[in-house]
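A, B and C are the chain letters, set down in written order, and residue numbers restart from 1 in every chain.
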Amino acid sequence: MKYIGKKLITMLITVLIVTMLVFLAFRVIPGDPVSNMLGTSYTAEKAARLRTQLGLDRPLPVRYAEWMKDFFFGDMGKSYTYGIPVRPMLAGKVPITVTLTLISFLLVVAISIPLGIYTAKHEDKWYSKAIDVLNQITMAVPPFFAGMIFTYLFGLILKWFRPGGFVNYSIDPVGFVLYLICPSICIALPKAAMTVRLLKSSVLGESRLDYVRTAYSRGNSTNEVLYKHVFRNALIPVITFLGVTLADIVAGSIIVEQVFSIPGLGRLLITSISTRDYPVAQAIIAIIACIVIIINFAVDILYKVIDPRIR
Amino acid sequence: MKKRLLTILSVLLTLTIALGGCSGRKAGDSSRITVGIPQDLEDSLDPHKAAAAGTREVLFNVFEGLLKPDVNGDLIPAVAKEYTVSEDGLTYSFILREGVKFHDGSPVTAEDVKYSIEKSAGMTGEESLIAAFSNISRVDKVSDTQVDIVLKENDVDFPAYLASVNAAVIPAANAAPDVTPIGTGPYKYVSRSPQENIIMQRFDDYWGEKAYIKDVEFKVEAGDAMIMDLKGGSIDMCARVSVTQVKQLGDEFDMYEGSMNLVQALYLNNAVKPFDDLKVRQAMCYATDTQEILDLAFDGYGAPIGSSVFPAFGKYFIPELADKYPRDIAKAKELLKEAGYPNGFDMTITVPSNYIPHVDTAQVLVQQLKEVGINATIDQVEWNTWLSDVYAGRKYESTVIGVDASSMTAEALLGRFYSKADNNFTNYSNPEYDKLYEESKVTLDDSKRTELFKAMETLLAEDAANVYIQDMAEFVPMNKKYEGYVFYPLYVQDIARIKLK
Amino acid sequence: MNIKSFILKNKRLAIGGSITAIMVILAVTGLFFTPYDPNAMDISAKLSGISPRHIMGCDNFGRDIFSRVLAGLSTTMVVAVGTVFIGIVFGTLIGAFTGYYGGYLDEIMMRFNDAVLAFPSLLLALVFISVMGSGKLNVTIALGILFIPSYARIMRGEFLKCRNLDYVMSARLMGASDMRIMFVHILPNTVRVMLSTIAIGFNNAVLAEAGMSYLGIGVQPPDASLGRMLSEAQSYLFVRPGYAVCTGMAIVLLILGFSMLSEGLEKNA
């Protein structure tokens, strides 16, 4: 209980620091939302009036405190550029990015865990070595490059999917998920390769330990030892890694959203930063930070479940 | 452990499939078109707040003013049936067209018109996007079918501003024009999803010639991916694609060729050194080769221009000005020497990074200027920074941009070089020019006005106010299923005229 | 052990080493010499294919792609080295002080670190770049700053571990100053960890630079950058798929070579 309480406080502090950083950053970025709203009819007087209307002339700490208070009660304000409330706007975007992240993550797990154990088990076979080589190469391919190659190969030559044929989940959930598969693979491949590598060495390292030898000498079968003892322990570093990976995937999805033109949080974030749409950008950054922190938290809890030695 | 994991995985998979199975794609749409736009409308959908040209060109399909432009850029009556101007030129009386309905079914009343003009002119507390509307003294509802607009000063160009989307007629009863845009145009707004799309549907009670295609989706698509999407079939047409991109598309598309109707130039801040020196500006004009820019960055397409007017302005346009400064390295170097820069100088070209053609142009310019010893570097900035630093703040040395005309008036292009103009972002200042401009404001005779504008145009070229480049060519690839795309001399996408073959 | 058997035994090191060596040679060459001026435009060669004159063809401005790949490689390399350098120097300093002294300073720094680490680094880079403006130097600084927290955390762990070891205790008893203990006694013992961190960091920096330039917020044109070239190549995938492939492969090989080299070294260390 004390542990969870401490973690919660850490989470809160982290969110506070992240949002404060964002507030400060926007303060020093040149340009403000007003110039976007007025476009080429910008004049100094008009801009000043509009700034007052938006409350941008008030001191920064006041604005921050107010934003924090509203955010806490679920009110994210109104977008400057779009003129519509932020919350319903993001409500439509979060599922897209979360689905993309989840599919990618599931792919990482689904590919890497069986493959990692398999290569560890058949360490000396030629196909295990071939997988190793493949792994090494896959790790070096940046998702956006993979995205381009995939679009060209599978989208335009083989016509397995329609480039840019994104459909919203509210219209066609199947098409939505299907379209996300290719981008997910691009995100997942290098991460899966790294996980396979890690899992393999972790399993191998673990199986050389004394307790495993003892287990074998007692006459246990290979599989039983592997799954009952080795795998469980070998999983710990892998879980840490997967936790970090999930956060990476959230970030990676921003670039991949751009390559595959998926209208998720990433694209909205990039444009809201460039139009200085503070309410939208702040809300998205706070949400992403919360997601990442919650993931880290979940990883910590998982640790305790798997390995009670960790305190 | 493995088993448990597998269970979780399979449950998740079944869940997605089950969820997906609930609803399929609605098939059998009669007519629909997906139009690719390279940037989202990062604007409010309230027409009076639509600051970006990209927003206005899309909203053109939803909103109309009392008047609207036709394909030639001439004004035709829209919500108003006709109008008269009083003797003194100060009172404009508009007779409303009968039977014009808003998209929500309610009829357009004189109150709606009064409300719209007042709101658009900034008389109800919002900021007006049409500077010329500060000239409106009051708006009167004379009868149920007549509205008078009274001006403070004479302005011959006034009706042209009423045709802008920023002066659209909207219902007074709509409390939230930001969220639920309602207009009188051939298409009605259905929904929008930021960074994804805007969906419109044909308005069957439209007063004029009804649109052909029923469902229209404006799909936001990053510039680089646009070609793949066209090729892959998820986009049917897209405006403003580069020639090189167009060439990759092949026979599945019809190619419409027009011009963008803007003045692309290397705009110089005439107030900062060394660009305050006429010789330096002329040297830069001699140093650049427009045709080479067109060949390298635009595959040879585009109309070279030599001043701040583009060809669509028929009677004001002087084509000869484009040849005023042919490429002449020796002369450029000579002029630089006379100006006191025998070894050239360093300069910065600020370019908004979202406009790839301008970035490309700047890259060619850097190479060309290098040959006369001018060492230019490109500074790419975000559009927002460009607006606040370059356009509004005038804190820059030079910039490549295309300036469009918000209305079909020479004023829209030439007014910004008046030394006291709010939007004179190049800080150009010439008393002679100011005199001509002031004279044009009070001249009513059309041929005399035309002469004055031509004189201003020539003066800009003689002063080498900027390094004028071209009116960019515009290519619109459209899937062969459709036909009927038309170009306007203004920044407009008229979807209502597109039909299935 | 003689060199021949050493290399045979450690193929990863051999292959990774050779790829990295080639890439470094190419990048260094790109700094001083390219077959063509990477920015020189030639209309007649616009989007031309592979030919003896242009071994990778030309881009949409008629610029020689091979020359641009060379120049792009050196840009990427310089940014990556600079980034890792900033990250490791400041990361080590912060890690040393917080790890060695502990206490409130440590607590505050680590909470701050947590916050920054909880945040997708690309986004922070985006914010930094909006503040400082884009360009080679600014990208290096922005990425460098972003790398500090993770380096600081790793180095802190090392210093924390060594703080109470016998040899440190005895050095303290002998009257060595804290500075001396930190940087003369403990620092050399962290080299192994530091090296593997640098290896991972280098690859992350290459990826981050390419990603940012791909999004258009990194290195400015006309400076060549692999990420930026890749995004330009995307528009011409149909006519010149080779443009994208050549550029992309340069990134892949750079990362592949370095990661194999570092893993090979680790295995032998």
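Note that a contact is a pair of C-beta atoms (placed from the backbone, for glycine too) under 8 Å apart; a residue touches a chain by one contact, two chains touch by 3 or more.
Since this is a predicted model, take the numbers as computed values, not measurements.
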Farthest chain relative to chain C (centres taken as mean CA coordinates): B
Pair exhibiting more inter-chain C-beta contacts, A-C or B-C: A-C
Euclidean distance of C-alpha centroids - chain A vs chain B, Å: 38
Separation of chain A from chain C, taking each centre as the mean of its C-alpha atoms, in whole Å: 22
Cα-centroid distance, chain B relative to chain C, in whole angstrom: 42
Interface hub residues of chain B, defined as touching at least two other chains: 225, 228, 231, 382
Residue numbers of chain C (touch at least two other chains): 130, 234, 237-238
Residues of chain A engaged with two or more neighbouring chains: 151, 156, 258, 274
Residue numbers on chain A that touch chain B, as the complex places them: 30-33, 35-44, 46-47, 49-50, 79, 81-84, 89, 92-93, 106, 109-110, 113, 151, 155-156, 159, 162-168, 171-177, 227, 231-232, 235, 258-261, 263, 267-268, 271, 274-277
Parts of chain B lying in touch with chain C, wherever the complex brings them together: 223-225, 227-228, 231, 242, 244-245, 247-248, 292, 295-297, 353, 359-360, 363-364, 366-367, 378-382
Touching residues (chain side chain C, partner chain B) in the complex: 39-41, 43, 46-47, 60-62, 130, 133-134, 216-217, 220-222, 231, 234-239
List of chain B residues in touch with chain A within their complex: 1-2, 5, 9, 12, 16, 19-25, 40, 42-46, 49, 51-52, 127-131, 178-179, 193-197, 219-222, 225, 228-229, 231-235, 354, 382-385, 387-389, 391-392, 406, 422-423
Chain A-touching residues of chain C, taken from the complex the two chains share: 12, 111-112, 114-116, 118-124, 126-128, 130-131, 203, 207, 210-211, 214-215, 230, 233-234, 237-238, 241, 244-245, 248, 251-253, 255-256, 259-260
